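Below: one structure in structure tokens.
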Amino acid sequence: MADTYVLVHGAWHTGAELEPVAQHLRQAGHTVHCPTLAGNRPGDDRARIGLADAVASLVDFVEQHQLQRVRLVGHSYGGMVISGAAERLLPRLARLVYVNAFVPQPGECLNDLVPPHYRALFDGVAAANGNAVMLPFEIWREAFINDADLALAKTAYARLNPHPYRTFTEPSAIGQPMAALAVGKSYLNCVLDVALPASLPWHPRLSERLGLFRYLECAGSHEAWFTEPQSLAQAIEKAGRD
Amino acid sequence: MADTYVLVHGAWHTGAELEPVAQHLRQAGHTVHCPTLAGNRPGDDRARIGLADAVASLVDFVEQHQLQRVRLVGHSYGGMVISGAAERLLPRLARLVYVNAFVPQPGECLNDLVPPHYRALFDGVAAANGNAVMLPFEIWREAFINDADLALAKTAYARLNPHPYRTFTEPSAIGQPMAALAVGKSYLNCVLDVALPASLPWHPRLSERLGLFRYLECAGSHEAWFTEPQSLAQAIEKAGRD
Amino acid sequence: MADTYVLVHGAWHTGAELEPVAQHLRQAGHTVHCPTLAGNRPGDDRARIGLADAVASLVDFVEQHQLQRVRLVGHSYGGMVISGAAERLLPRLARLVYVNAFVPQPGECLNDLVPPHYRALFDGVAAANGNAVMLPFEIWREAFINDADLALAKTAYARLNPHPYRTFTEPSAIGQPMAALAVGKSYLNCVLDVALPASLPWHPRLSERLGLFRYLECAGSHEAWFTEPQSLAQAIEKAGRD
């Protein structure tokens, strides 16, 4: 069946980095959009844009394109954004798919869900860079794209953009736990993903906040978008169907 | 080597649903039986049949067929049944194989091993249905057969039968922990199985009750019998050999 | 790129058991050494040799061969040895790779990192065998080489040698946590490895002691060196590159 997918990127990314996965989904007959969120676009004011702005930009995108029966797929930080948008887009949604993505409870910000050493690192980098954060290459290479060779790790890193830190520190405005939202939910876990430490993992720590959810796995690291695009597309299709 | 397997189905199933896996094992040269336990047969009194009845029906089956050197393979609720039968069948057993199956301690019932929200759900359904329980389709589709497409999820669901609730609430009559039983044991874990939540998992929570055991994994969900029959048969063979 | 690997065996093994993996790495263009540590060589005094002796034998090997930019790969007990050697070999190291291997904190011995029932077992065997330990075949077959058939389990077992118990009881002499050592680190986890129980696992319990590390997985049990040599070689290459 031809479904409509909106792939929502993580921090430091734009929609363009999701295009290889989108292309595989399109070849399977689906319509796929990869918008870039407010805060990650060229010229965006990274000192001021927060989570609510990013959420609003996604809501606007879906409404302006008059999309219906949407599979909203959020990766990593994108989970904060699809969670925030879901209540407002509910009549347009077929399913939420979280790909190693954050699932907030009401009032939580992304920084509440990461280990203390990440918060300390981000605080320092943001303070020195006009409230925008970047990820040191060493962490990217070892903990985010651990399954790539060095050449791919470098070319992928070169595509990242400074991320507005207020999207990590501004609490989610969701009015109820995601488990209470009347829409299907899936959680897709890339088995080599150690961007969050295995002792504070994506699954089941965050996935179980969805209540009843469909669980699927995929090869690859947190950056399977670069390293395993075909497997990831197939897994997204299984996570998103019916 | 040609071995003898007895595949013991889970709740809501009969032996017939295990036939695709049995056929793969037969093609590998083994003798395979798929009995339907008391309580899941047409016409069984689902209001009255309990765990001891199901155990007795398995013991009777193995004895009446005069099986020797049996690999007793229990799936899910079937783990309660093979555990109960093992002591009585000990001279006839070569090995116990648990496939995402419950392993009771003495005095525990199946309901002691599932999350509270399942017990509450089952209590309500059984009270309204003459002490028989069914699984809502939504839970089946998302948490039991998460790796199937919708068509297979539906056709498989249509084959399920109402399950006698007393088999979930009656304590196991085993006289000693399964770890103490002098027979080889294996635990086979289907990696997409989230029928039990990952925070209250099959493995290692239940597997380690076996003491020394052989661990193996398989592709697929709790219902890999429908979705991954060939992989499951191969994994059962590795779990059951020597 | 042609890299230099030194594969460091686990308890009861010699370098010869790592040769099938070494051969795959050599076919990929690398230089690979598989030294046998002090304590596991023919004629070694197994009553007296301790962890410091084994560490010294590895340091000597690397220095005598004047190896540079070494990938030091430790399996199981070999993790205690590469950890102890790393500080002294630091200028010669490119990376440490732990394959289901122990990672000590300063002052810990291997026995501090295993479950109590293993310590009790080892104590008894060593007391009866001149301070050398062997692993009972039943544990080897079920928990160490669970993915092999019985024939391979037996031929592999026949190659093991009595292990000097002081290497398990002598504390590591490392002067700082491994996380503090300025060299790249990888942790490679064979997914069927239950030589340590899953409730006291290799990963993340021991891997996270490395601080920032690259995580990879591989098919196979604790003895993937015998059962999955090609997959293991490929995974070691991913763990060891750049």
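The chains carry the letters A, B and C, assigned in the order they are written, with residues numbered from 1 in each.
Quick note on the criterion: contacts are C-beta pairs under 8 Å (C-beta built on N, C-alpha and C of every residue); 3 or more make two chains touch, one makes a residue touch a chain.
Here's who's who by UniProt: A, B, C = Alpha/beta hydrolase.
Please read these numbers as outputs of a predicted model, since none were measured by experiment.
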Open item on the list: On the document's contact criterion, could you list the chains that touch chain A (Alpha/beta hydrolase) and likewise touch chain B (Alpha/beta hydrolase)?
Closed with: C
- [ ] Go ahead and align chain B (Alpha/beta hydrolase) to its copy chain C (Alpha/beta hydrolase) using Cα positions, then give the rotation in degrees, nearest 5.
- [x] 120
- [ ] Would you mind working out whether chain A (Alpha/beta hydrolase) and chain C (Alpha/beta hydrolase) touch using mostly the same residue numbers, over half shared, or mostly different ones?
- [x] different
Task: chain A (Alpha/beta hydrolase) and chain C (Alpha/beta hydrolase), separation of their C-alpha mean positions in angstrom - done: 37
Task: Shared-contact residues (touching 2 or more other chains) in chain A (Alpha/beta hydrolase) - done: none
Open item on the list: Quick check: in the complex, which residue numbers of chain B (Alpha/beta hydrolase) touch chain A (Alpha/beta hydrolase)?
Closed with: 138-139, 141-143, 146-147, 149-150, 153, 191-192, 194, 197-199
Open item on the list: Help me check something: in the complex, which residues belonging to chain C (Alpha/beta hydrolase) touch chain A (Alpha/beta hydrolase)?
Closed with: 184, 203-204, 207-208, 212-217, 238, 241-242
